[in-house]
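Note that the chains take the letters A, B, C, D, E and F in the order they are written out, and that residue 1 is the start of every chain.
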């Protein structure tokens, strides 16, 4: 049976969405990912991952999947014509409007599943804003945590496969093989950064960047060895991982 | 070949999206539609209609389909827990952000395909705002024009099948038969309004309303006789109609 | 006795403005209307019409006339130096501030009498915003409904006498004959638009426009045959029409 | 010949409004003034004073009168139902929108003629905001300067006839005798404040106040001895004074 | 014992800050003051004055000193690279956020001690905004009242020592002698303004100005004769004066 | 010689602040830290650390210290009366106003030194906003990185000494021994969170929290064993660490 929130009628919402339900809001992005990948990468991954997670553990944990927000804060790619960008301010308003809307059901837990690393800090801020305004418990998950925020990237990419790199390209090849053209991919790793101890992705000193700060092609990583097989493995690993996390979400009560 | 905007890569956007292309932005809503229909009605219709129109005449007219904006200004249904609402202000910001984003490609024509009548006036305003700010020519179409803005509704509904009524329910039955439960539908037509000469839907005096102003069940019309067959007919009529309109959009130049 | 809201003292407001009263807010514009008409056209017409309507049926229906908002959203004429423009955002704030102010009296019905077609969609949106925020019933009337929103225009203008055309010029000649210079008027009808089935004023596909999109002189219609006599007739017809509508407003209750 | 800005056509604006012209924007208020005066006091005085000044010296100094902004920041009277209030933020947006609009004519001098003391500081701020954004020279005048900002009030009122007191009531009696009911007026002077050296109207320490902080009737001063004769004298004195000031405005260039 | 608000713990706030306490918020500015003075002048003076006043009469009057807001609305000096500017809008938000924060303690009196004349009107407006929103009584004091708002300046400066002039330079020499370089100072008095009767600093007609409107060096006054001795005298006079005012603040109740 | 930005005059700014200079903006907070610490903890630490770092390596690396922003986004402590809170929106505006101001000097590098963990994500977002709007390179450092964002905390606190815990209390004891009262401190560690694999501080799933979600006393950690000696060691370690990072900042160019 469908666990898509929008498949419910108004009266059914009142019956089915309970305080102990979990609402899952996937957020994608439509932004340049280099010449080898389409704009839709983050949109597709967030959408597919949310569906896979809901299928895997939604029934057990009473998870309901909200419609995917396809576009978000992609201003680091605004230099590339066609990238769709919501400003930080607009996106925060969208999130708060949606949060207020779902809080009217009485639900107590909202999980953001964020497919775009460029949203990570902003959503980190939003977690508190939403909690303060609506009283809901709020959580932020990623299909794979961005390296800049504690996640991992391949060693050959020196931990800097952060946009259109090996892992992301592989996952997308698994999901939409026909939309990937590896022949256009090269190694684009800003190697000199690896020598830094502090100012680097995930280092103690973070820095503001636009995707063309590193290279005019606007991707960061080395997708040349990406494969659908690796992508499949990463994807199913992430589903399992996110379901584990969702179990903790289910009972989380600030250690009380 | 795909005519979905997001299936293009950054460099492909630069090649494929030309000044004479037409960008099509479908906008839905996730809002209560009475007990017989799910929240997703406007979302699904906008999405499916945009795809059908793009399939029918996209190649010929060089139309590119943008990702559907699933949620919009549904504040007339905010009384019903679970309806997702972007405020008027938030929605205008979203539209302007998206318009600025696509204008960076150099395209000259943007069409909003609006699946939710509650957005109609606001998008009417947005057409000028976007034109003034970006220089693009802007257009607004509807899968079916709301009766309150010059469209038609069935005679048995006295022209007031404006939300969850005969036509809309039929179209949705054609698209998602499993999500409709006609057994829960009744006739909900605010008949006394029909006696008015001025203050009525589509009359010379418009009025502000919330969907529970008329009836606590929140739908307006008589869906009891809806059928998938009627829906199919209305849907394919609309596709053909919108392609006709799109041809006029292609060459529209203010009568110059 | 005066039925001007502002002629009451604070304590008199409490006595005279009752829940069943109707508040009438006229809104004009100060914007270019071609070389034959002054900027004040919409301001004067809204103001005079509100006074005439209040005189004709204000006593009977307990209507109170608010001070005219002289300037509004004229951004389609912003290209013409001297046009006074409130942005869409500013104007919405003004309306909401005024609505909150009058709602404090306990009145239940607010009518906007809009003299400028460029406000029509925005005020359509405002009707719901005000209703939702204040609980008042809200209505929108026009001295004459713009052709783009279901009103009529002369046949010789092919229904496109929308700004500074025959009817508007005539009404203004009736009200301020000394401020009209017909010798400067020509026929400015974007005839090619008339061939369209969808993309035209009042068509199923609306479009964003600025007044100089059609012609650098910025008026649209054919004022050459305008006369004060026609204006007088149109004006008194409108007064009578609006009083009819006001009677419906008096008892309107969503068909309940 | 008319010196009302809005009586000009678009092309006439280009001819008549020159860099060396002066634009005069009257601003009123619609707010409670005690039981003896209507809400319109500041609106009427600003409007009449602007007209009188324009008649007296407009031709000589090339002054053009803009349409009066009838409503402004009256939030100190928001406790009194029916007072019309623009928020500080809304009013600043209105002023900036209007200033940008008139700056498009190339004019170099804009004078605000402020009929409502509650706007005085806010307009003081606006002078710089407008100058910075548009490059125009900006000025602020008052029909009579509020005592709280350096103006005078009668001795019997201990300098505290700041709202609905002797002078204001007299001027209004001169302009609209039929709308004044002196029989309802009493002496309402917050005498204890007069003992202060610092914290008082026009003192070195200013303070935030609402009009009902002093007395529930909401006026401050002693209108009991007001006469139309005094009002006439004050009015014509103000006209002459403002024309003197306008002459200085005409040539003001920061002492260069 | 410390009377600095921030030196209290959360629980101590609840004990020590009482309704009858007075909170003192110093506000400075970091902006160009000509070649003879550093950017910090207003910041330092506000900070030192607040401390001196709190030391002098804080214990007796139960005054608590809030952390100094170092930066404020210095947009009249925005032309000078490096001047730190909060926009009018940003600054109002900061003040309202702070006011709401301290109002949560239940305190009834908030005093702004404003070191920068460019904030004076804006803070005048803020007094009412804060009072209306929080219910606190609000007051505005200045280390020395700006000549444009009723304060005095030396006769040799024709009353126009308003920025970096004799008095301010002297006070700063008293506080930070090492940061003043009088060898770079000249007389910069816009003498022609002194001939005006209306349009001048503190005149009946105020005007918008930027600090380089008068002279490209951006200071206004004649600091050449400034001395630390004069500064000391002015400073201690101001402390005594402000404590006098603070006593009136302590019992101020709108003359009731 | 002073390396405080505000100690420079306007003309000196032009000489001394060069493209290759580094501007350092310390940001504190004034918020409850439990009963054993004053509100000023983050303010004092940010301020002292910025001074120590500037003293240690400012001359060599051409660092200039901006005035400390004392108050910031402390809304997780808004439940505790007296905590000073700038909203997320206000704080972003403040940062952008300041960034635009300093960018006018032509400087190329701005470092935020953030003393309050509650700002971390928001400043992460700001880094990009500022870079995009001003073109400056932007960096974010912490006196000690919050455990929730990759920093460390003591083992006895299970890595959860995040607010008023051992390390922070120790550092503050080193800086302001007289303002600490350890007799009021207890162990407040939400131990149950430590069992989580995902949903925990620094885990793959972050969560929104207010400081009283864990315990009504509002601090999180175990300050009972804090000592000034430990604080001194942590403080000097941090200075040395930040100077190392600052060296990398000096030459950082995105790995190019």
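Heads up, the rule we're going with is that contacts are C-beta pairs under 8 Å (C-beta built on N, C-alpha and C of every residue); 3 or more make two chains touch, one makes a residue touch a chain.
Remember, it's a predicted structure, so these values are computed and weren't measured experimentally.
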(request) Give me the chains shared as neighbours by chain C and chain F. (result) none
(message) Need the most distant chain from chain E, centre defined as the mean of C-alpha atoms.
(response) B
(message) I'd like to verify one number: the distance from the centre of chain B to the centre of chain F, where each centre is the average of its C-alpha atoms, in whole angstrom.
(response) 48
(message) Nearest whole angstrom, what separates the Cα centre of chain A from the Cα centre of chain D?
(response) 56
(request) Indicate the residues of chain B shared as contacts by at least two other chains. (result) 78, 89
(request) Treating touching as the only link between chains, describe the layout with one word: line, ring, star, complete or other. (result) ring
(request) List, in order, the chains that make up the ring, beginning at chain B and going on to chain C. (result) B, C, D, E, F, A
(request) Note which residues of chain D are touching chain C in the complex, please. (result) 4-14, 17, 30, 32-40, 43, 66-71, 77-78, 80-87, 89-90, 93-94, 97-98, 100-102, 104-106, 179, 181, 184, 218
(request) Please give the residue numbers of chain B that touch chain C in the complex, ascending. (result) 75-76, 78, 88-89, 92, 118, 120-122, 124-132, 137-142, 145, 149-151, 190-194, 196-199, 202, 204-210, 213-214, 241, 244-245, 248-249, 252, 254-256
